[in-house]
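Right after this note come the structures.
Both complexes shown next keep chain A, but they swap its partner, so chain B is in the first and chain C is in the second.
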Partner chain A sequence: MIDLPVVALSRLQFALTALYHFLFVPLTLGLSMNLVVMEAVYVMTGREIWKRMTQFWGMLFGINFAMGVATGITMEFQFGTNWAYYSHYVGDIFGAPLALEGLTAFFLESTFVGLFFFGWERLPRVGHLIVTALVALGSSLSALWILIANAWMQHPVGAQFNEQTMRMELTSFSQVLLNPVAQAKFVHTAAAGYVVGSVFVLAVSAWYLLRGRNVEVARRSMAVAASFGLACSLSVVVLGDESGYLASENQKMKIAAIEAEWHTERPPAAFTVFGIPDDRTHTTHDELKVPWLLGLIATRSVDEPVLGIFDLVARARARIRSGIEAHAALAVLRAHPEDAAARALFEEHRADLGYGLLLLRCVGDPSHATPGQIEEAAWSTVPDVAVLFWCFRVMVGIGLLLILLFATAFYLSARHQLQQHRWFLRAAFLALPLPWLAAELGWIVAEYGRQPWAIDGVLPTFLGASPVPATSVVLSLCGFVIFYSALAVVDVYLLTRMIRRGPEGLGYWPEGDARA
Partner chain B sequence: MRAGGEVRSGTHTSAAPPALWRGILRRHLTVLLALKLAALVLLWALFFSPAHRTAVDAEAAGRQLAVAVKGGTHD
Partner chain C sequence: MPDYETLRLIWWLILGALLIGFALTDGFDLGVGAIFRFIGRTDEERRALLASIEPVWEGNQVWFILGGGAVFAAWPVLYAASFSGLYLAMFVLLVALILRPVGFAFRDKIEDRRWRNAWDWALTLGGAVPALLFGVAFGNLFLGLPFHFDALQRPVFTGSFFGLLRPFGLLVGLVSLAMLVMHGAAYAALKVGEPMSRRAAAVGRRAALVFIVGFLVAGAWVANAIDGHRISSAVDTLAAANPLAKHVAVAPGAWLGNYRAHGVLWLAPLAAVIAAALAAALLRTGRAGLAFVASGAAAAATILTAGIALFPFLMPSSSHPDQGLTVWDASSSARTLGIMLIAVLVFLPIVLAYTAWVFRVLRGRITLESVRRHTGLY
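Our next item is the complex of A and B:
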C-alpha cells in the first residue's frame, strides 16, 4: 500500500529544495548577461570605467555563484532515494539531459568562471569578453538541459513504455531535445532570470544614487540594466504567452485550473481578472471578467473553446475506464508476453495506462474499482485551483510592474534625469525582491499545476515515491532547510557587505569621474 | 591584530585597503565552499547514500503498479 504521508513529505522536500535552489540560479543567469553587455561596451569604447564596472558586478556574481553552485545536486540525491520508482520508470529519459547538463554546461561555466576572475591581466580584451560570454552561455545552457528534462515531465515525447522492463524507454532523443514545451520553457525561464539580474543591478545602483555614492558607475549600470531589463521583461511576457499556449494544447487541465474555468464557456472565453475560486463547491465567487481575452490568449482564435474543468474531468473519467483495460492487459502481458489478445488490448489502451494507475491510490486492483472510486480518481486530476489562480495572477502582476519599472528607468536614463527623481530611485530599490517572488510563483504554477502527475498522463506522483521511513524524510528535510537557509543568509550577508563597500571601497573605481 | 592593525580576527575596519578586502573575500569564499561541500557530503552520507535507497527492478516496479508476475494467474 502506498504511504501517502511519506509521499507528501517527499514532495514537500523536493519542492523546498527546488525553490531554494531557484533563489540563486536566476541571479547567476541574469548577472552573467549584464556582465557581457558591460564588458562589450568596454571592448568597443576602451573606456576603463566599463571594465571596472564589469569587475565590480562580476565580484557580486562570483559570490552568488559560489553560494549557489551545487545547490541543485540535492535534488539528484532525492531522485535516487525518495523517488526510486520514478527513477526506475523514467530515469532512462530524464537522466540523459541531466547528465548532459553536468558534462557540457556545468563544466563550461565553471571552467570559464575561473578565467573570468583570473584572466583580466592575462588575456587580451576580446579574449576576456569571449570568456565572459562563455560563462553566460554556460549558465544558460545549464538552464536549457534542466528545462529539457522538466519539459519532458510536462509533455512526455520520444519515449515508449516497455512492459517487460517496466520503464519508459527512449525512442527519439531528437524529440526529447526539440520538445516544443522545452523550447518555450527555456526562453521564458532564461528571460525571467535575465530580468532578476537586471533588477538586481538596477536596485543596487538606485541605492548608490540615493546616497550620492559611485554615481558614475551607478548611472551607467542603471542604463545597462534598464535597457537589457526592458527587452527581457517584454520577452518574458511574449514567451510566457507561448508557454501558456502550448500548455493549452498539452496540459488543458493546468490552464483550466489557472483560469478557474469550471465550465466550458461559449468561445471566445472571458478572462477572469479577479475572483475567489472555491475548490470545494467548484465555483468562483465575485468574478471580474474581461470578455474574449482568455479565448484569444489560450487558443489564438475566436471560435475554439477553452475546455472547462468539468468537461476535462469527464474526459479523465473516460480515460480512466480505458486505463483499467490497459492495466488488466499489462498484468496478463507481464506473465505471458506472447499472449496476442492481451497484446492487442494493451496496444489499444496503452495511451491511457497512466489514468488507470491513478486508481491505485484508492484500490489495490483497478479492475475492481467502483464508480465512486473512478469518480474520485477523475477529480484527482484537478490541481489546487485557488493556489494556481492566485500564483499566476500575482506573477503576471509583478511582471507588468517590472515592465513599467524598466520603461521608466530607460526613459529617465536616456534623459539623464535619474538623480532628479528620488521617488523612482526608492521604487527601484524596493522592487529588489519582486522578480524572485515572480520566478518562484512561476515554478509553483508550472510544477504544482502538473499535479497529480509526476510525468503528465503517464506516471502519477504518488507511484514514483519510495517507501522510505517518514522520520528519515523529516530529518533530511530539516537538514536541507538549515543548509539552504544558511547559504541564503551568507549569500545576502556577503553581497550586502560588498555592496556597502561599493566600487570605490573595493578599489575598483574612485569616487568622482576622473578616469571616465 | 594583524595587517598593520587594520584587520582584527577576520573583521575589518573601514580603513582596510581595497586589495585586502578582495583577498579576504576570496579566503572567505574558499572556506565557505569547503564547508558547503562538507555539509553536502554529510547530508548525502546520513540520508541519501546507497544504504538508504530502495532497490527497484522490473519486479519491484510491477508490484508498485499492481502488475506483479504471479505464477499461472491468468489461466
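Our next item is the complex of A and C:
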C-alpha cells in the first residue's frame, strides 16, 4: 500500500531542495536588514559613500535574492507534487499561512525589490529608504508566515480531525497564529538570518581590508555588520527555539534525542557536553556531563523533570494502542455515521488517531498489528539520536563562536583598530561559511528531529507522500541535483567575480576616495 | 459570514480573479520574455526590452505564487490531485520559472556575448514555456485528467506527461501562448522606444490573429468533439467536502451547458474575440496604450470563458468521472474559507494600491538613449 522507496526519494528531494533554498533565505533576510541600516545612515548624514555602499551590497543582495525566489517556488510546488496526501490531510490549516505569506509578505517584498534597484533616480531619498525597508519587512514577514506553518507541523494546535472529510480542519485560527512554537521559531530563525547577512558583510569587508582595497567602503560596512551582528548573534543563542520544545510530546522527544537522554533523570538534569550516542543499544558512551545545566535550559526550573526517551516511548506505546481503537471506530463511523457506540469510542480515542496511523507502515489494518509491530512503531517515534545530538552541539558551538567574533569586531571597530589586527581580519574572513553551516544544521535538528511525523502526532511522514511512480521522483530528483548544482556554480562564480572587482572596480566608489 | 455555498462560490470567483490578475500582470512579462530576443536584435535593444519588465516582473509573478497558495488553502484536494498528477509537467514548469529570476539577475552582470546570449535563451524559455504549459493544463481540464482516489483517499494519477500533449491540449497551449505574446507585445509597444516598439506592434498583431483563430477553433472543438461533464445526482452545496459522493454524466457538448442555460454568458467569449481584434487594430494605428487595455480584456475574457464552461468542475476525471473535483466538494472548511476571505478583502486592496503606485513611479518609455545613459550595474 505504502510505497516506501517513493517515500524515501520524496523525503530526500524535499530535504535537498529545502536545505538548498535555505542557503539563500537567511542571506536575503540578513542583507536586507544591513541595507536598511546603511541607507538610513545615508539619509541621515547625506554622505554619498553610504548610498554607494547600499548599492554595492544591494547588487550582491540582488543575485542572492534571485536564487532565493527561484528555489522558493520549488518549495511551494513540492507540497502538492510530492506530498499530495499531506496537502489534502492538512491543507485546510497549513495552506492558510502559505497563502497569507503570498498575500501579505511576498507581494510586498517582490513589488518593492524592483524599485530598490530602479528607483534611485525616481524617488526622493526618504522614499527610497522606505522602499528598502519594505523589502526587508517583506522578507522577514515572509519568514514569519512560513514559520507559523512550520510550527504547526511541530505542534499542531487549533485543529481537529473531521471524519466526514477525512482530514484535519481548522478550529481556531488565532491558536495557529499565536502558536508558542511559532514565536520561538520566528525569533530564532530571523535572528539567525540576520547573523548570516552580517557575517557575509563582515567577512567580505575583512577580505578587502586584508588586501588594502575598497578600504573606505569596507571599514564602514564592517562597523554596520559588527554592531547589527552582535545584537543578532546574542538573540539567536539566548532566544534559541528550545523554549518551544516542551510544548508537546514530539518536541519533548526531540529534546531528549538532542540530549541523548535515554532515561529520565532526577531533576535538574545534567547536560551532556560530549558523548557517543548509540541508537542500537540505546546508550551513550564516554559521556561528559555538566550537572544541572540541561534542566535549567530546557525547563527553566530546578524541579521539573526532562523526560527520557524510554519514558516517552512507553507513552507512545500507550497512544498507539489507543490509536488502534480510534482507527477501528472511525471505520465503523464511516460506514454507519449514526452508530452511537462507535461515536463514543472515537471521541474517547480521537487524539491518538495519528499514533494508530503509524502502524500503516507495516500493516494494512492497525487492529491486526502484532505486539511486535506495536513495539516497533513505538520505537519509530524516536528520531536519529546520534545525528541530532551532534548537529545540535555543532550548531550551538558555532553560535557561541560567532558571538565572540562579532564582539571582537565591534570592539576593534569602535576603537578604529580593525586594520591593525590582521589576525582578526583573517579570522573574520574564514568565518564566512560558519553561519550557513549552523543554519543548515538547525534545519536538520528541527525537521529531521520531527521524524517520523510530518505533523506531530497527527500524520506520519510516510503516509503524506504522493502515490506517484518512483521513476518520476527519480527523474525530478536527478533533475534538481543537476539543475541546482549548475545554478550553484554560476551563482558562486558570479558572486566571487563581483566581490573580487569590488565597489571600486565596479565603479560604485572611486579608489582611494576618502571624502565622506 | 456568508453561508458555505456562498463562500465556495466566492472562492471560485477569487480563484478566477487571481488567474486574471496573473494573466494581466505576469502575462505581459512572460509575453515580453517569449519575444524580446526576436524583436530586440542588438544587445542594447534587448537591454531596453528587458528593462521594461525587469523592475516589475517579480511582483507580477506573485499573482501566480498566490494563486498556488490560494488553491492550497481553499481547495486542498485540487492542489493535491493536480500538482501530484501533473508531476513531470510541474517539474518542467518549475525549471522554466526558475530560469527567470536568475536570468534577470545574472544576464547584465557580465559583458560577454556568449554569457548574455545564453541567458537571453534562458529568459526566452522562461517566458514561452510557462505561457504554453498553462494553456496545455487548461486544455486538459476540458478533456478530463485520468485520476481517482485510492482506499486511503490519496489521489492517484494514471496518465503520463506525454498523455497531456494531446492535440486539444496543445491547441489551447498555443492559444495561451498567443494570448500572452499579444499582451506582452502591446506592453512592449507601449513601454520601449523605436525600433523595438514598431516590431513589437507587428508581432502583437500577428499574435492577436493566431489567438482569435485558435480560440474559435478550440470553441468549436469543445462544442462538437469533446465530452463534457455534468453532475447528474442531487448536489448538496452545503455538505462537507467529499469528492466521492456524487454521480457525473459525460456527454458531448456538455461543457456548453452553462451557456445554454444563461444566454448572457456568451458575452464572455464574444468579448475575448472582439477585444483581441481591437488590440490588433489599435496596434496597427499606433495606439499602444489602448491596445494594452484591449489585450488585457481579451485575456480576462478568455479565462472567464473557460471558467464558465467548466463550472462547477475544477478538475474533471476522465477515468472516474464521479470522482472529479467540483466547487462544491473540493473546498476547505467554511471556517478556513471565511478567514481567508477576510484576509483577501483586507490585503488585496493594499496590494493593488502599492502595485499601482510602483507602476506610476516607473512610468515612461525606455529608449535606447536611456539604456545608454544607464551605465552602472542596476
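Just so it is clear, the second predicted complex is superposed on the first by the 504 of 516 C-alpha atoms of A that agree within 3 Å, B and C clash if a C-alpha of one lies under 4 Å from a C-alpha of the other, contacts with A are read in each partner's own complex, and residues count from 1 in each chain.
Simple rule for what comes next: a contact is a pair of C-beta atoms (placed from the backbone, for glycine too) under 8 Å apart; a residue touches a chain by one contact, two chains touch by 3 or more.
Note that this is a predicted model, so its numbers are computed, not measured.
> Have a look at chain B and chain C on chain A after the superposition and call it: clash or fit.
clash
> Identify the partner contact of A:Thr283: answer first if only chain B is touched, second if only chain C is, both if each is, neither if none is.
So A:Thr283 meets neither chain B nor chain C here.
> Quick one: classify A:Thr81 as touching chain B (first), chain C (second), both or neither.
both
> Check the residue A:Ser235 against both partner chains and state whether it touches chain B (first), chain C (second), both, or neither.
After superposing on A, A:Ser235 lies clear of both chain B and chain C.
> Have a look at where A:Gly507 lands relative to chain B and chain C in the superposition and call it first, second, both or neither.
It touches chain B and chain C both.
> Is A:Thr171 in contact with chain B, with chain C, with both, or with neither (first, second, both, neither)?
Second partner only.
> Is A:Val490 touching the first partner chain B, the second partner chain C, both, or neither of them?
both
> Considering only the touch criterion stated at the top, classify A:Pro366 as touching first (chain B), second (chain C), both, or neither.
Only chain B; A:Pro366 stays clear of chain C.
> Considering only touches as defined above, state whether A:Ala331 meets chain B (first), chain C (second), both or neither.
Once the two structures are laid over each other on A, A:Ala331 reaches chain B alone.
> Decide which partner touches more residues of chain A, taking chain B and chain C as the two options.
Between chain B and chain C, the winner on chain A residue contacts is C.
> Quick check on the superposed pair: does A:Leu475 touch chain B, chain C, both, or neither? Answer first, second, both or neither.
both
> Could you name the one stretch of chain C listed in 145-153, 271-279, 289-297 or 361-369 that collides with chain B in the superposition?
145-153
> In the superposed view, which residues of chain A touch chain B and also chain C?
On chain A, the overlap between the chain B and chain C contacts is residues 59, 62-63, 66-67, 69-70, 73-74, 77, 80-81, 84-85, 87-88, 164-167, 463, 466-468, 472, 475-476, 479, 483, 487, 490, 494, 498, 506-508.
> Taking the touch rule as given, give the residues of chain B at its contact with chain A in the complex, in rising order.
Interface residues on the chain B side: 14, 17-19, 21-22, 25, 28-29, 32-33, 36-37, 39-40, 43-44, 46-48, 52-58, 60-62, 64-74.
> Which residues, counting only chain C, touch chain A once they are in their complex?
54-59, 61-62, 65-66, 68-70, 72-74, 76-77, 79-84, 87-88, 90-91, 94-95, 97-98, 100-102, 104-106, 109-110, 150-157, 240-242, 332-333, 335-336, 339-340, 343-344, 347-348, 351, 354-355, 358, 361-362, 375-378
> Mind pulling up the chain A residues that touch chain B in the complex?
Result: residues 59, 62-63, 66-67, 69-70, 73-74, 77-78, 80-81, 84-85, 87-89, 164-167, 327, 330-332, 334-336, 339, 342, 357, 360, 364-366, 463, 466-468, 472, 475-476, 479-480, 483, 487, 490, 494, 498, 501, 505-508 of chain A touch chain B.
> Once bound in the complex, which stretches of chain A touch chain C?
So the residues of chain A touching chain C come out as 1, 55, 58-59, 62-63, 65-67, 69-71, 73-74, 76-77, 79-82, 84-88, 90-96, 98-104, 106-108, 110-115, 117-119, 122-123, 162, 164-167, 169-171, 173, 463, 466-468, 472, 475-476, 479, 483, 487, 490-491, 494, 497-498, 506-508.
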